[in-house]
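Here come two complexes built around chain A, the first alongside chain B, the second alongside chain C.
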Partner chain A sequence: MARRRGRGIASVNYPIGMNLGGDPSQALVHSNPGGKFTVALSSIDLGQGMKSVVRQICAEALGVPVEDVFVDTADSDTGPHCMGSFASRGTHRVGNAVIAAAEEARGVLLEAAAEKLEVDAADLVTDGRGNIHVRGAPSRLITVADASAAAQFEQGRTVSGRGIFLVPMSTPDPETGAMDPVTCYAHACTVAEVEVDDETGEVEVISIEAAYEVGRAMNPRLVEQQLVGGGWMGMSHALWETTEPYYPDRSHGPTDFNQYLMPGPGDICEQRFTILERPAPDGPYGGKGVGEMCSTPPIPAIANAIFDAVGVRIDEMPFTPEKILRALKEQGGAR
Partner chain B sequence: MEFRKDLFANERDDDLNEVGRPTQRQDAQGHVTGRSRFFDDYALPGMLHMKFARSPHHHARVRSLDTREAAQMPGVVRILTSEDVPKKVHTLLILLDLGPDDEPPLAFDKVRYRGEPVAAVIAESESAAAAAAAKVRVDYEPLPAVFDVEEALAPGAPLVNEYHGRNWYDYNGYDFRKIRFGDVERGFREADHVVEERYQMSPIEHAPTETGGCIAAPDTAGRYVCYTNTQALFFSLETAARILDLPSNRLHFVGGTVGGGFGGKVDSVHEPLALLGAMLTQRPVRSAYSRAEEMQVSSPRGAERFYVKDGVMDDGRIVARYARIYFDAGAYSRLSPYGAVKAAAHMPGPYYIPNVWVDARCVYTNRTPSSAMRGFGVTGADFALEVQMDKLARLVGMDPMEFRIFNAYRDGDMKAHRRVTKNAALIECVQAAARIADWPLSERFQAMSSTRDGGGERGVIPPAPAPGPGPGKGASGRRVPPAGAEAAATTARPPAPADAPTVASPARSPLAGRGRMSSLLGTRRR
Partner chain C sequence: MSHVTLDFRLNGTGRTELIAGGETLLSLLRHRLDTTSIKQGCRQGTCGSCTVIVDGEPRLACITLAATCDGCTIETAESLPGPGGLHPLQQAFMDHFAAQCGFCTTGMLMAAKALLAANPSPTREDVVDAISGNICRCTGYQPIIEAVLAAAGAGPSGAGQPGGSRPGVV
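And then the complex of A and B:
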């Protein structure tokens, strides 16, 4: 009887956005007279950081500091339509809509500044610190705040923009299945190391090490937050969770967290990540989406690691001690 | 966490100001100080609570429903039954222009899963509502139930959902969404090894910190406001407007701050009935899942079953892949017909395989309707495919990482759904993972790239085989019972699909083919 170590891998891709498209999102961006911007959406922040990603994207596209942008969501009276926060679509779809809106607002802002500076708007650039100046002549400058005030109080311009992003709907061919599921994919490869107790059937996940290709990490901390949480969710799916432990039998359904098992603080493992960025041609700054993908590869990686450790294949989730012990017994022990 | 900025550097402009920075979240302070407003923070004076009388049976006819005793219970203000609901049968998918309507917000003639709501009790407190809900008397006539997807597809299985008329979702007149690419039969004949395995995903709870719910209240000008933790604000608003038969601008939805969703808050089950309660009582009404309801009544991740049959050569090339996919939708569609198509499109995984055959079925059973969850249509598929990949690698004696790099799709490769691969990065991910995990890769595989050696012969749509039955006999015909007859639910290893008996077509239900199903996502109606 022993604890046996094993390693397993999985490599996956993930389709970004609602499958087959047809899922628009809109954004409205406007400035107050002080040159501070609001993004109005009806998209949902589930905790994944939707508002913060969109805020950074808007600041980038406007050319202003992130502190000068706040995101207001989700009120159906003020926020334009968004299909919703699911299918790893937020960064890609809403991000693109926000870029479109911000670019329109930036256009007005630069026109207003050009009129004040008596130059051509095409010759103006933003410095990302709240100023607009003539390209190559940083001293010929106006602040975003002054340009915005001039637009609204002197020139009668609304410093605002509208954006929508839509991947047109695809209709699958009923005979061949030819279709456009999505426009881009994120990628990952996960290595899980486990220790399996061949006496109890218990699995301890020692580590998860993974490479994720995300197009563009809009905010590295938010990416890491997703990867860490997703990794734990994946190991939890692999080893513990189910609402129907004897599926398809409906009995023994858990009704609280004493019965519905998930890893506790002592069960979660160390995780290490490396990030790759191959920008998606139609992604906002190349961004794809990492939300859903990261909970998947730990599951097969752990299954494969269990095989590597003790030589049994568990092809039904979750990989409980009961299933592992039964398989070990059938096999005549670990090998 | 480290970055590999050296990879794909020539495709990337890294001269950005705000994007790419580790900026603190806009909502971080609010969340850690408790000031962020979640739906429950909008508790209103005079607010009522809604709780449900639920079916104890998996499948039963409702002979009669008696709410008189419940209505006499202390604190009860109003009891809703199907009679009160303007649109008695609905489907979420109608917003993707897909029918048919198949689910009653409150059951009337039949219940199709244990936990299905038959009446909603609105009372002064949650406990009063729950106590009264227990006093709703329903005369049930239990019916035979079916729980396994393949048993549900077998001839003679109890019919779960009359609105579909059979126990599967109809895709363009087929009982499955299919992918046909190349000639899998030939691939299997020519392969050095053929392996078929069965994989079973479990139903899984989303387990958000904040259970699903909302508060609905009368507002001014004949409007109603709804504070909700939906994941899709307008999706829920439009669902409510349709069920309540209201113009959408009579509803004002406020949300956007949610304590975890993971796909479990798209179903829009609370908003329509809480709004209906607010309309009929003219008071605020709160409806939210208890933790027990969240775990046993709310939609779980669907339990998907996969049969993956592969042909592989001694040198490691996978030459054919045949996947049969069974999505267990439970009693109602919710979003499962969409998820099954997503799973079909995901096949054969991020690999170049010249011959692919996929049958993806969405099956109705007498269990809690399943729905979207993080990785919808993909998580179960990748579990199946990646364990299968491990088995194949060991079978041909290759390192599992090198085996994946060898078979990985590259730019220019034709995918099974007949689109050319672009922007691929699987090979680089495997190489990068090998590096951080100290997994030895031989130089040959370290040198491979997603941007090289794809396309060419790999970039064309292969000719279709001569017409034939395909890898699953009968599987290519219209409206035949699919492979359900092939394997009993408890069989660990099913017979190869080619051994499956051909089964005669069942009589066509009068309901078959109705609804707008010209495509999975037809023209959106607005």
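And then the complex of A and C:
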């Protein structure tokens, strides 16, 4: 009877988004007369940081300070359509839609500025600090605020843009079944270290170490926040959470937090991450997505670590002491 | 149901309210007095999102009868920001990215505030213990523990420093 240590590895190729109906997202961007921009979305920030990332992306595409961009996700009735916040799709799908909308709005802004400066719009650049000037002649400038006001009070233009991003629907080839549903994959490799008590069947996760390839880490602290929280979720799926122990029979299913268990602050393990950046050709500034994928690889990594520790393969989540003890009994003990 | 009057201090202001005998502190504060920092998660004492401080002790408002708080001093997260801005715990939560959806955050802040009032230099174990009745679905707890430790290190007037080693971007 002993606590036995094991180490397991799992890798994931994570498809960003999904293939239903093209998986589109839309964005609308407009400037108020003071030169501040609003991005209207139906996409929801659940706490994963989408609003921050969209704000960064929009500011970059417009060429204005990030402080001058506001993201309005208030209402899916009045905002432009979005499929939703899931499948790690927000940064990729919404980000691309926002770039398209921001580029259109930027085009109008530069036209308005060009008219005021009496130059060709193609010769104008933004400095990212709220000014538009002639390329190579920084003193021939107009502020974004003045250009926006001129558009809206003198020239009769709306400084606005529309954007949509859509991955064309892929249907299976009737002969071979082959299809191409995904344009963008993120990748990860996770190593989990566990201790299994071969007397009680209890598993303690000692550490999770992982490398995540996320395209471009738009906001490294938000990526890290997702990875830490997602690692915990993966560990929770692996060892704790279950809705219906006798699925599809609902009996004995948990009905509250006394029965639906998750690891608490005393059950967490050390987590270490490395973020790899390999920009995606069709990602917004190379960005992929990390929200959901990071909760997946800890699960097989922990299953493999349990096998390494005591020699039993548990292939049904969660890996409860009961399942481990039954498997150990069948095997005739740990090995 | 019979009604009684309740005298208490809420976030520094004296109040008198007429309450039903069976009314919970959660119902009184959140639903009637608009103290909406208090979140109603489970309403049965298992999630901690309704944590408030009553006479210095963390309490679950959903299973506290308001009638038991006569003469008490009650603090909610609304009381955290001072004249100089955010409370050090709030600043540390921001610096450490310790909130995602935010549903648990106010309860966590109040549990942490009660801890630091009783124990200004907690160990990691003390912090884990203090927030062990508060469920967070998003953060994995690590950033919250780091934030509370940083706020403790910063003392009552300073702000927490972002700590821990950041992952390398390669």
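Note that the second predicted complex is superposed on the first by the 322 of 335 C-alpha atoms of A that agree within 3 Å, B and C clash if a C-alpha of one lies under 4 Å from a C-alpha of the other, contacts with A are read in each partner's own complex, and residues count from 1 in each chain.
Keep in mind that, in the parts below, contacts are C-beta pairs under 8 Å (C-beta built on N, C-alpha and C of every residue); 3 or more make two chains touch, one makes a residue touch a chain.
Quick caveat: nothing in here was measured; it's all calculated off a predicted structure.
> One more residue to check, A:256. First (chain B), second (chain C), both or neither?
Once the two structures are laid over each other on A, A:256 reaches both partners.
> Looking at A:153 after the superposition, I want to know if it touches chain B, chain C, both of them or none. Which is it: first, second, both, neither?
neither
> Which partner does A:277 reach: the first (chain B), the second (chain C), both, or neither?
A:277: touches chain B and chain C.
> Which partner chains sit in contact with A:57 here, chain B, chain C, both or neither? Use first/second/both/neither.
first
> Please determine whether it is chain B or chain C that touches the greater number of chain A residues.
B
> Where does A:220 make contact in the superposed view: on chain B (first), on chain C (second), on both, or on neither?
So A:220 meets both chain B and chain C here.
> With the two structures laid over each other on chain A, which partner does A:246 touch: chain B (first), chain C (second), both, or neither?
After superposition on chain A, A:246 lies in contact with neither partner.
> In the overlay, answer first, second, both or neither for which of chain B and chain C A:266 touches.
Second partner only, chain C.
> Name the contact category of A:233: first (chain B only), second (chain C only), both, or neither.
After superposition on chain A, A:233 lies in contact with both partners, chain B and chain C.
> In the superposed arrangement, what residues of chain A touch both chain B and chain C?
46-47, 49, 217, 220-222, 224, 227, 230, 233, 256-257, 262, 272-277
> Given the complex with chain C, which residues does chain A contribute to the contact?
The touching residues are 46-49, 217, 220-222, 224-225, 227-233, 256-258, 262, 264-266, 268, 271-277.
> If we count contacts the way the header does, which residues on chain C are in touch with chain A in the complex?
Answer in residue numbers: 42, 44, 46-47, 97, 99-102, 127-129, 131-132, 135, 137-145, 166-170.
> If we count contacts the way the header does, which residues on chain A are in touch with chain B in the complex?
Of all residues in chain A, those touching chain B are 7-15, 19-22, 41-47, 49, 51-52, 55-57, 59-60, 63, 65-66, 70-71, 73-77, 79, 81-87, 128, 169-172, 174-181, 184-185, 187-191, 209-213, 216-224, 227, 230, 233, 237, 241-244, 247-250, 253-257, 260, 262, 272-281, 285-287, 291-293, 295-297, 299-301, 303-304, 307, 313, 315-318.
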